[in-house]
Amino acid sequence: MKRILDTKVKKQGSEHSTLISLNDILIGEGYFTVIAGPCALESEELAVETAKAVEHAGAKVFRCSLFKPRTSPYSYQGFGLDGVKLLKLLHAESNLLLETEILSTDHLEVLAGEADILRVGSRNMDNYELLKAVGRTNKPIILKRNMSATLEEFLLAAEYILSVGNEKVILCERGIRTFENYTRNTLDILAVPALKELSHLPVIVDPSHSTGKSSLVPAASKAALAAGADGLIIEVHPNPRDSYSDGEQSLDIPTFEKLMKELSDIATLLGKKSFQQVLH
Amino acid sequence: MKRILDTKVKKQGSEHSTLISLNDILIGEGYFTVIAGPCALESEELAVETAKAVEHAGAKVFRCSLFKPRTSPYSYQGFGLDGVKLLKLLHAESNLLLETEILSTDHLEVLAGEADILRVGSRNMDNYELLKAVGRTNKPIILKRNMSATLEEFLLAAEYILSVGNEKVILCERGIRTFENYTRNTLDILAVPALKELSHLPVIVDPSHSTGKSSLVPAASKAALAAGADGLIIEVHPNPRDSYSDGEQSLDIPTFEKLMKELSDIATLLGKKSFQQVLH
Amino acid sequence: MKRILDTKVKKQGSEHSTLISLNDILIGEGYFTVIAGPCALESEELAVETAKAVEHAGAKVFRCSLFKPRTSPYSYQGFGLDGVKLLKLLHAESNLLLETEILSTDHLEVLAGEADILRVGSRNMDNYELLKAVGRTNKPIILKRNMSATLEEFLLAAEYILSVGNEKVILCERGIRTFENYTRNTLDILAVPALKELSHLPVIVDPSHSTGKSSLVPAASKAALAAGADGLIIEVHPNPRDSYSDGEQSLDIPTFEKLMKELSDIATLLGKKSFQQVLH
Amino acid sequence: MKRILDTKVKKQGSEHSTLISLNDILIGEGYFTVIAGPCALESEELAVETAKAVEHAGAKVFRCSLFKPRTSPYSYQGFGLDGVKLLKLLHAESNLLLETEILSTDHLEVLAGEADILRVGSRNMDNYELLKAVGRTNKPIILKRNMSATLEEFLLAAEYILSVGNEKVILCERGIRTFENYTRNTLDILAVPALKELSHLPVIVDPSHSTGKSSLVPAASKAALAAGADGLIIEVHPNPRDSYSDGEQSLDIPTFEKLMKELSDIATLLGKKSFQQVLH
């Protein structure tokens, strides 16, 4: 890890950790934050219904992707920029923070104007122009690890954001590509404690893309918490079978509610301030 | 997973699980069993000292490898068959069950005569002659996943043992080989719930070989428990720095004791019968 | 490969192949085209010197990268857009076609105005906004495979370009990421015949990034030709040791000249029109 | 590659290469030897028919596997030790050398008594007891790389054979396991020049297991030769579709004959003594 020696992402001493504050939410060491929502937004009604359900279950941030980068150009690509009005609606209808994926510097102004957290997806981890652009905002950025990035490369991608002034970066492990194909990707669970010993940045896990199978999402979520993750980003959909994308990996509402209860109990045992916490 | 359709390893219904009973220990669903000990036995004194320490900390089985297969023919290869007298001594000096690695059918009679559990290592997962030989004994067999085996191949290797009559197989996830090299291997944590939904056999995790770094072993162990594993096989050494092999991944005694306490609390919360359980 | 069934990249019959014509150069089945030049342009003098040397050795296209995406934000990042005047100079000083990497849609107009071929690098294979932007030009596009892309994903990324109207896409295999680390990447040589049986598009190989070691570049280049590749993109530098980036994988001029002679002989034997061919 | 510094496999100077002489066949640098035959022997008639056909096409060694290690215990496992009489018959009916796979030390005496070359398969690359056993014979040994072995591990496995006295080891690259699944494995073509620069031992390639698709075998074979391999081990079957195992990757006789002609021409161009050579 020689190349991270003189970087801003590097941990300076065992107590060094960055806590990101956003309204009444804290993200980082000692806390556990759940971000939940559908893979991609599909309609106004569905968005509001899902938001209310995940808020009721204890999530504090809503996953609301307007763009859905797809392997094939002929697959559903998401709402597009028009969906910004949906973000406004969701802000009006819930107390959830909103996080959304950004694919292009062209969309930065509009998205940063409405969303609370921006996400740079796995496919764009090496899109340095985009990293520098979000680095010039003051928004918290979720940076997802590329499927074939080493931890060093992942941290140096984060450095592109920090190096231009934005230190509010949340690292997200979402599975790496290996020969194993029973799961969609291989969740590199050890990336969690490894990143936490190398860097002061918060680390969260995406149990949905890493497993690709809803039956494995609860185990992945609990493992992430036990391994020291500071949060999760989970796909939840009222009717996973009708989802336009990634239905097989989305949890339905009752399963999500049950999981949240289990996570809350484990988080309490581990001395993490539960995700239900509110700062007064 | 078409190829496991007509196998004995396949789970038949959600309640189907194999519980292996050995003296007062039960291994399988609902229990959590910790196997601990040095990478390879080095001396009589060290073996007894380590055994007593891990027993005191709550382990129920002692890892006591007489043979240590090494990448280079010039590295320390272990005690060899002479070490069998050590197994006798350990049985006399502690209440621990003893598990040991078997490398060759030539050693089967001697090792099965003294050890309680036999382990087939990753390098031998595809050594079908050996699998069939241990399948003809009535000893519990820990079968470690090869670094490049898919879950299907892993289960079919277990089938070689079951197909000749021995159903007491414990599957062990120990890390797979990927591009990531900060850790020695990539712990495929999702293999745990995946194997538990595909098969009725107990599943344990080796947090030592998968991480290769003692600093990551506690996180890996807790993640394994939270993901549903039925136990662990951990490397513990009184003086890891003096170890003949794998010192960097071995826990010292105080760290192991602290970890056991944390695991016990989580296991209790998860409704697992704690590893301290004794059947009366 | 179900997902490529209804795509424009798909091969329709064994004789279906796309030949890209550019001035007096043909790229595709039956031809063998060598693109050569430094990893990134460093100075005017060096650029002209290298261009003349590779032209003399038989290359037909000059690799002239103004931008050099780097893992660390603190490494040399290339000339930047100012370097466009270098492209003009190179056009004046040689008969070589010029190819250059494009990182951002913001640079498209300037780069497409001067370069003959645009390259989308591995890191941007999934940057769909960029793919669609270059798809709206009429420039030949070299699309490099992402280090973790399956062949299907690679072809579907190319489809993003073809789907908006530009059919002049050249697929470039440049090594995938595996556990093996003696080489920088693992050259997936079978991708060459596999892509040629799946698609009608030309396929070239980057023997420099795939090996990361100049000693292996000649073997990789000859293997690519023997496996059916339609060309190569090779890093050449007059003084590899002084290179700002990737010096260990660059060939010096005499080694490049020797290799070109060997490739020419093999190409002739294989019935490929040699890379020295000129259409009259 | 620190661990190979003091080994017998290490190349001592650029001219250092081992040439294995066997009857009138030489295997190693400067030669190109083709081993061909069915995946596993199926019947006496088929064996003799295939042997005559591959001999006629220019192969010098016959692949005649009596044992076929299979992922599932319920798949065809080969002829077994009874097949030794087939080796006698093949010796009587052709001038081919015979090579066969050995799975267990128990079979060593019988197999070494009849076969000319012994093969240790990928699954047994780490079976050190077997390596040492074949190391105590004076037979040439083909050692196949394990699917997840680094080049260093591969060379150290060979060292197990050399360390006990047998220097006649032929290294065989047969594909490694990666995320790519269009091909059965990923042929690591760069392993050929890499092994040749690290070691003095002959290096051959298995184009059948690495591709898993007969349509890709010719390209893989030519790439191996161009990359510097000293030979091939190819699966050939008169009626691939009727093969008990691996039919999709076996060449039929006419395709094999055509390939042999092409290989001969390339070998001649490259200054390799053609595989048709006979020493007088």
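When the chains are written out, they are named A, B, C and D in that same order, and each has its own residue count from 1.
Assume a contact is a pair of C-beta atoms (placed from the backbone, for glycine too) under 8 Å apart; a residue touches a chain by one contact, two chains touch by 3 or more.
Quick caveat, the model's predicted, so the values are computed rather than measured.
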Discussion item. Interface check for copies chain A and chain B. Shared numbers divided by all numbers used: above half gives same, below half gives different; which is it?
Written reply: same
Item to complete: Compare the CA centroid of chain C with every other chain's and tell me the farthest one.
Response: B
Response to the item:
Between the Cα centroids of chain A and chain D the separation in whole angstrom comes to 49
Worksheet entry | Inter-chain centre distance, chain A versus chain C - centres from mean C-alpha coordinates, in Å | 35
Worksheet, complete the sentence: Going by residue number, chain C touches two or more other chains at 148, 152, 177-179, 181
Discussion item. Tell me the shape of the graph of touching chains, choosing from line, ring, star, complete and other.
Written reply: complete
Worksheet entry | Complex interface listing, chain A residues touching chain C | 3, 6-7, 69, 71-74, 103-106, 123-124, 126-129, 146-148, 152-153, 156-157, 159-160, 163, 177
Discussion item. Quick check on the complex: what are the chain A residues that touch chain D?
Written reply: 177-179, 181
Discussion item. With touch defined as at the start, can you tell me which chain A residues reach chain B in the complex?
Written reply: 1, 148, 150-152, 176, 178-183, 186-194, 197, 210-211, 215-216, 219-220, 222-228, 265-266, 269
